[in-house]
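Below, chain A partners chain B and then partners chain C, in two separate complexes.
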Partner chain A sequence: MTPVSAVRPYLTLLVARCRQETQYRAAALFGMATQLFWGLVRIAIFTAFLKAGANRSSMSLPQTVTYLWLVQGMIRAMPWSVDAEIRNLVREGTVVYELLRPIDLYFSWYMRAFARHAIPTIMRAIPLFVAAVLLFHMQMPPTVSAGALFVTGVVLALLLAAAISTLINISLLFTISGDGIQRILPAIANFASGLLIPLSFLPSALRRVLRILPFCSLIDTPARFYLGQIGTPEAASMFAQTLIWILALSWFGRFLILRASKRMVVQGG
Partner chain B sequence: MTSQIEVNNLAKSFRVAKRTSGVFGALGSIFRREYQNRVALSNVSFAIEAGELVGYIGPNGAGKSTTVKILSGILVPDSGTVRALGMCPWKQRTQYVQRIGVVFGQRTQMWWDLPVIDSFHLLRDIYSVPDAQFRRRCGELTDQMNLGAFLNTPVRQLSLGERMRCDLAAALLHSPEVLFLDEPTIGLDAVSKLALRQLVKSLNVEHGVTVILTTHDMDDIEALCSRVIVIGDGEILSDGPLTELRNSIARERWLTVELEGDQMFSPPANTTIMRREGNQVWLRYDPVITPTPLLISAIAATNNVRDLLVQEPPIEEIIAHIYQNGQP
Partner chain C sequence: MKSQTSGLRLYLSLVVACLRGQLQYQASFVMMALGQFLVTGLEFAAIAALFYRFGSVHGWQLRQVAFLYGVVGSGYALAEGLCRGFDQFSAIIRRGDFDRLLLRPRSTILQVAAFEVQLMRIGRFLQAAFVLAWALMHLQPDASTLIVAAAMVTGTMCTFCGLFVLQATLTFFTIETPEIVNVVTYGGVETASFPLSIYPGWLRFTFTWLVPLASTAYLPARLLFKAHGPILHILILPGCGLLFLLASILIWRFGERRYTSTGS
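For the complex of A and B:
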């Protein structure tokens, strides 16, 4: 089999999934409106704090505002929940068909997860950023290279989000309901990614720990690229760190899915 | 030459959590769980040659689906071996499933929101079917199964009969050598059932596809299968041609006698009356002890007969007999 024909099934699945995601245009529009509203609320809160003289971070007020808009745009890249369709597949046992296909189950689920994060993020973030830059004091990246680093950072963030999401979906093969992980994961991810509070505002000891974990690559790292806080040499090592996390989580997911398929029991006729 | 599918001493049991009912039972099971071992297959062996059409039947919970799942590579047995198409299904799963097709009557493998044809295109890429071959195959299947009218309808809007036909076509796009059908006619109306049977038959005869069919519908078996494997409690109870299965139970025949008017009827020697309704009498007899021509002439000589009908007992009776007694 040539490399091209080996990759083709996964590309097809990716494209099909992306096409399906682009159908939810109304959802994207209303989602964007919600994001815009919450963005303004959060900016009001942070502005109040910073103006009261509580700022001990390295971020100025305009930078904070920009960071908050980046968070609002990237919200759909967060691996918050299990894929409802995969959950139904597992509950109803239709997951057997996934195993009856001559493809690697991990990569086919990974493609699905990637589309599920990438398409809604792109559909919401771009119009939201345009609106925020024009109307609500969002800054442009200071340099072209900062912009380029940001785009690379977002691509890596989406790849990482897909790896985490796939891992959560795989956990369904063990727990079936996935309710537990759906409650605990957003709490951890929101805090550790910088979604709740920019990591620069946290105490430095805590910040150091959080910047080793994978979650900071979802939001905090790309946002710092955007703000031009990180130079290219430093960026390279951060990209490397993210890549290592992506590979490690994917390897772990693939290991789990192989184990699960050995002990999986699909009940009933 | 070895058989296309060889199954030796297959065994599989499942661990089922035992729960005590009530609040205390629920609380208790948090700390200590008891498990029960349920044997699904205890010692199953058979061999299937290329081009056979085999019925695999048994009561609910007998291990039919478990066997199909093991044979299609999605379940790993506790012990025993399977050699199918020269491979071990669960060890070489990805290569193996490329060459088999599976249809589960109660589930669909198509994408719920997509039009049927889009599902077919996805499957084409997943199974790496060359484009020319796909177009030819898809055309053939569309004609044979009459899918033309709803190829562009999303799967969720199809009726069950339409969906089953599409599912069967979907399982055949990559030209599998072996086809597993798990209760394919469940819930279908008479017309759809007949159409599906015809399709399966022609696949088997014209394309030489080996078919393994599990079902509860004995008409499926009578219409299609040259060979029947009966399984019960995880063991094979009987394996052979349908006629052999019939004969092994009882060489019984049924005779329906319609009398002129409501007259007395006394059964000839070695026959039993099963029931009587008005002027109709149902008799059961053994054709070896009482040859049918002799029985008929004896009845015609002593009674005023309007009509006679000789039948074999329905296959359901035979199967029910095996299920209940554990063996033929």
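For the complex of A and C:
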């Protein structure tokens, strides 16, 4: 089999899932309105804090406002929930059909997860950023290279989000309900990604730990690229770190799925 | 009156049945409650980190904001636990299940409220209650402070119950619940957890006059922190939450009369 024909089924799957996701345009529009509201609330809160002690802040007010808009744009890249379709497959036992297909189950689920994060993120983030730049004091990246680093960072964030999401989906094969990891992992991700608070506002010891974990690559790292806080050489090592996490989590997910398919007990009759 | 007490008894027995069902899956319940505790616990950690860096906000210290956060968080968790059925009402409407509720000679409000009572919400409630207790310890509360705090939690709970009822009433007309509705529920929790004075005018207006979270949380808290004399007159403010809930129920009845089934 040539490499091209080996990859083709996964690419076809990816394109199909992406097309399906683009159907939810009205939802994206409403979602954008929700995100605008959240952005304005979060900005009011952070502005009040920054005005109380601007000298203690690690970022200027315009930078913080921009960061908070970036958070709102990236929110659909957060690995928050299991794929409801996969949960039903596992509950109803129809997951065996997935195993019958002559393709790798891990990569086919990974492609689903990637489409599920990438398309809604793009559909919401672009109009949101346009509105925020025009109306709500979001800054543009200071240099072209900062913008390019940001785009690369977002692509890596989406690849990483898909890897984490797929791991959560795989946990269904072991627990069926998926209640535990499905709730605990997103809670940690919210804090460690910079979604709740920019990591640079945290005490430095905590920040150092969180910047080793994979989650910071979801929001905090791309946001710092956007703000021009990171030069190209440093960025290279951060890209490498993210890539290592993506590969490690994917390898782990594939290992789990192979193990699960060997000892799978199918529910239902 | 008699039918109302029997309706309440029915609600309680449905709730108990629902809880007993969930306790059959103990490991799952413990994990979910822990997850809920962790989600909101880390949210509070982020707020604490902001105070650690910036000291105070609009003259409010961490303990005072923690008091607000505890009131709003526990009120919301109670409402979500007791009225979850309204939050999922679009599914009930879509499946045509509401028709069955209409056939029964009991209040639809109580039946929908009892549709699903989520025990795991106890995780979120406990987290908010811990924060509230921690904040109260610092205030050296007397009996009247505790009464006011309890009234604030109840008033906030009623307000969120009212919001869930209104959200469900909207579903009579729209079938699907638009995501934007979360703006007043989740958004209300977020907004009301901080002193309202930090927000722009349109937000203050929304959460004072349209959704009375200001009078169940921010305003009584401000009076409480400033008070030097008897404070029980503050109790009038959280009472607005109850009025809001009663008004929502009236609007629900109006929507219900215009309901047409989706079922076949």
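Simple rule for what comes next: the second predicted complex is superposed on the first by the 265 of 269 C-alpha atoms of A that agree within 3 Å, B and C clash if a C-alpha of one lies under 4 Å from a C-alpha of the other, contacts with A are read in each partner's own complex, and residues count from 1 in each chain.
To be clear about the criterion, contacts are C-beta pairs under 8 Å (C-beta built on N, C-alpha and C of every residue); 3 or more make two chains touch, one makes a residue touch a chain.
Not measured: the values here are computed from a predicted model.
Put chain B and chain C next to each other and count what each touches on chain A; the higher total goes to C.
When the shared chain is aligned, chain B comes close enough to touch A:Gln20, but chain C does not.
Using the contact criterion defined above for the overlaid structures, shared-chain residue A:Thr94 touches chain B, although it does not reach chain C.
Touch criterion not met for A:Val209: it reaches neither chain B nor chain C. Of the two partner chains, chain C is the only one that A:Gly31 touches; chain B does not reach it.
Shared-chain residue A:Ala248: touches no atom of chain B or chain C.
Partner chain A is touched in their complex by these residues of chain B: 14, 60, 64-65, 69, 72-76, 90, 93-95, 97-98, 102, 104, 106-109, 111, 113-114, 118, 121-122, 125-128, 182-183. Here chain C touches chain A in the complex through residues 25, 28, 31-32, 34-36, 38-39, 41-43, 45-46, 49-50, 52-58, 178-180, 182-183, 187, 190-191, 194, 198-200, 203, going by the rule given at the top.
Within the complex formed with chain C, the residues of chain A that make contact are 27, 30-31, 33-34, 37-38, 40-42, 44-50, 52-53, 56-57, 177, 179-180, 182-184, 186-188, 190-191, 196-197, 201-203. Contact residues on chain A toward chain B in their complex (touch as defined above): 1, 5, 8-9, 11-13, 16, 20, 92-94, 96-97, 99-104, 261-266, 268-269.
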